[in-house]
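Next up, some structures in structure tokens.
Look at the two complexes coming up: chain A is in both, with chain B in one and chain C in the other.
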Partner chain A sequence: MPGPFDYTVWILCTLLEAGVVVCSLLRHSFRRYFTLNLYMMASVATSLGRYVFLTRSGLASNEYTYFYYYSDAILTICLYFALMGMYSLVFEELGAKTYVRAFSMLLLAGTALFSYGVVHQSESRMVTPYVFELSQNLYFVGLVLTYLLWGAVLKMRETRARVVQFILSLGVYFSLYAANYALHNIYPNIGYWMYLPPLISTLLPIAWCYALLRFNEDARLAPARLAVIPR
Partner chain B sequence: MMPAIILVVSLAALLQFFVSYCRSLIAATVKQPLSSEVQDVTGISRAASGEDFLRVVQLLQLCPARPHDRGEIRAIDAYFHLLNFLRSTLGRIAPALLSWTEVERGHCTYFAAVTLERRIAFSRDLLAQQMST
Partner chain C sequence: MSRKLAVLFLAMLVLAGAMGLKTVIASHNGGAVMMANGGAPVPRK
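Presenting the complex of A and B:
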């Protein structure tokens, strides 16, 4: 069973995720950042579901293991939608919303087909290192998509403080997760990696809460201050 | 082989995203003027120096923290230590990097001074509320 550390981080993370939705509602930004809020609400629902399975079936049970990994896959899809929402916001002035929506649909269809393939794998593969490789690849694709978006932000001189902070925190989140899973694939016997994902997962709601509370919708940043190499 | 490539690329991207994130936090404060009171306390009259960062952070710790500025000061503190690391390693062989880290360290100090200003205002508000009740 999880120890006090695991429960503390779990509860803290769930509260922070709910906090993002509350902050978004208080700042009247719920609809504008709907995909981000959708991801946070899905995260809260998943946490509650995992707790129910944990108390009913136990940590070592197949039910909990399957629920954990399938819910993680669904959360990753929601996170992809959050990323597409960011693409949509960045490209809204170019009138490219239709293309972004079409790309989102293609991405969803691709992910759904891929997940369908995963479901049809043998039962034993789901609890082997294959699962970690799958997660690593999904997070790495997310990282590449975020990096492309960040490139577009710099190129288009996007200045909206909230949008910039949302994208950069997504980048930090995806790169930390991808690096963590890759490290686990290289050194599967090191035990530390079990503690890292819960801690990493608190970073995103903290950064998004901060962006919602600290900046209003009109806040702008100087584009030259965002690039690592000043322009 | 593939996990090793993913690890290297992810760590490189992490570094770039982290630096850009910290720069975006600093960018939000860079145009905010400091009051003469905070200028006197911190000794920052015109351009802030990286040498003053630790002293300003110590002053910050004397003030009650505002609910949502703990995370940002931790991020900037980590960024400052990263800059120190770059300065003491790669900075010796690349003078351009050395001057860039010095400018960035100064911005970190200015950010800490602006946070100090906000905390002082927050403390005054708290005191005023207590006096009125």
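Presenting the complex of A and C:
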């Protein structure tokens, strides 16, 4: 069973995620950042579901394992839509909403097909490995998309403080997970890697709460503070 | 038509880049999994 550290971080993370939705409602930004809020609400609901399965069946049970991996895939798709919501916000002034939507759906479909192709080669019972593979692949797609979006923010001199904060926190979040994953693969004997992901997962709701509370919708950052790009 | 093709090309380019990155990062496969949603403990199976 999980220890006090696991439970503390888990409860803290869930409370922070609920806090993002509450802050968003208090700041009247719920609809504007709907995809971010959707991800946070799904994450809170998933945490509650996982707790129910954990207490009923235990950490090593099939029920908890299946629920964990399937809900992770759903959350990853929600996170992907949150990221595409950021794309829509950044490109809204260019009137490129239709293209962003088409791009996001094509990329999601491509990732789903690619994951199917990988699993199809080697597995007889496909659904669970497929869900797992899709989830893993979407993380890396999200990582690349976040860096591309940050490039677009710098190029287009996006100055909305909240949008910049949201995108930067997503970049830090994906990068830390990818770094942890890589180091875990390189040094599998070090046991500390398994303690880091729950801690990293608290960073995103903290950063989003901060962005919602600290900045109002009209707050701008001076472009010179982001980067100096020669014209 | 060319814009639609450009969107398709970009989507495939991002997918190829992401899968390439995953291959590089996971080249020393130590059995790690990337679970990045919420603070719930990872199943012991």
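In this text, the second predicted complex is superposed on the first by the 197 of 231 C-alpha atoms of A that agree within 3 Å, B and C clash if a C-alpha of one lies under 4 Å from a C-alpha of the other, contacts with A are read in each partner's own complex, and residues count from 1 in each chain.
The rule is short, and it goes like this: a residue touches a chain if its C-beta (ideal position, glycine included) is under 8 Å from a C-beta of that chain, and two chains touch if they have at least 3 such contacts.
Nothing here was measured: the structure is a model prediction, and the numbers come from that model.
Student: Should A:178 be classified as contacting the first partner (chain B), the second (chain C), both, or neither?
Tutor: both
Student: Could you look at A:161 and tell me whether it touches chain B, chain C, both or neither (first, second, both, neither)?
Tutor: Once the two structures are laid over each other on A, A:161 reaches chain B alone.
Student: So, does A:136 touch the first partner chain B, the second partner chain C, both, or neither?
Tutor: Touch partners of A:136: chain B and chain C.
Student: When the two structures are overlaid on chain A, which partner does A:169 contact: first (chain B), second (chain C), both, or neither?
Tutor: Touch status of A:169: first partner only.
Student: Quick one: classify A:186 as touching chain B (first), chain C (second), both or neither.
Tutor: It touches chain B and chain C both.
Student: Residues of chain A touched by chain B versus by chain C: which partner has the larger set?
Tutor: C
Student: Once chain A of both complexes is superposed, is A:206 in touch with chain B (first), chain C (second), both, or neither?
Tutor: After superposing on A, A:206 lies in contact with chain B but is clear of chain C.
Student: Check whether A:214 is in contact with chain B, with chain C, with both or with neither, and answer first, second, both or neither.
Tutor: first
Student: Where does A:149 make contact in the superposed view: on chain B (first), on chain C (second), on both, or on neither?
Tutor: neither
Student: Counting contacts the way the document defines them, which residues of chain A are shared by the two interfaces, the one with chain B and the one with chain C?
Tutor: Shared contact residues on chain A (touching chain B in one complex, chain C in the other): 136, 140, 143, 174, 178, 181-182, 185-186.
Student: State the interface residues of chain C toward chain A in the complex, per the touch definition above.
Tutor: 3-4, 7-8, 10-12, 14-15, 17-19, 21-22, 25-45
Student: Under the definition above, what is the set of chain A residues touching chain B in their complex?
Tutor: Chain A reaches chain B through residues 133, 136, 140, 143, 146-147, 150, 161, 164-165, 168-169, 171-172, 174-176, 178-179, 181-183, 185-186, 206-207, 209-210, 213-215, 219, 221-222, 225-228.
Student: Could you please specify the touching residues of chain B with respect to chain A in the complex?
Tutor: It comes out as residues 3-4, 6-7, 9-11, 13-14, 16-21, 23-24, 26-28, 30-31, 68, 71-72.
Student: Mind pulling up the chain A residues that touch chain C in the complex?
Tutor: 2, 6, 9-14, 17, 43, 46-47, 50-51, 54, 59-62, 64-65, 68-69, 71-72, 75-76, 79, 99, 102-103, 106-107, 110-111, 114, 132, 136-137, 139-141, 143-145, 148, 173-174, 177-178, 181-182, 184-188, 193-194, 197-198, 200-202
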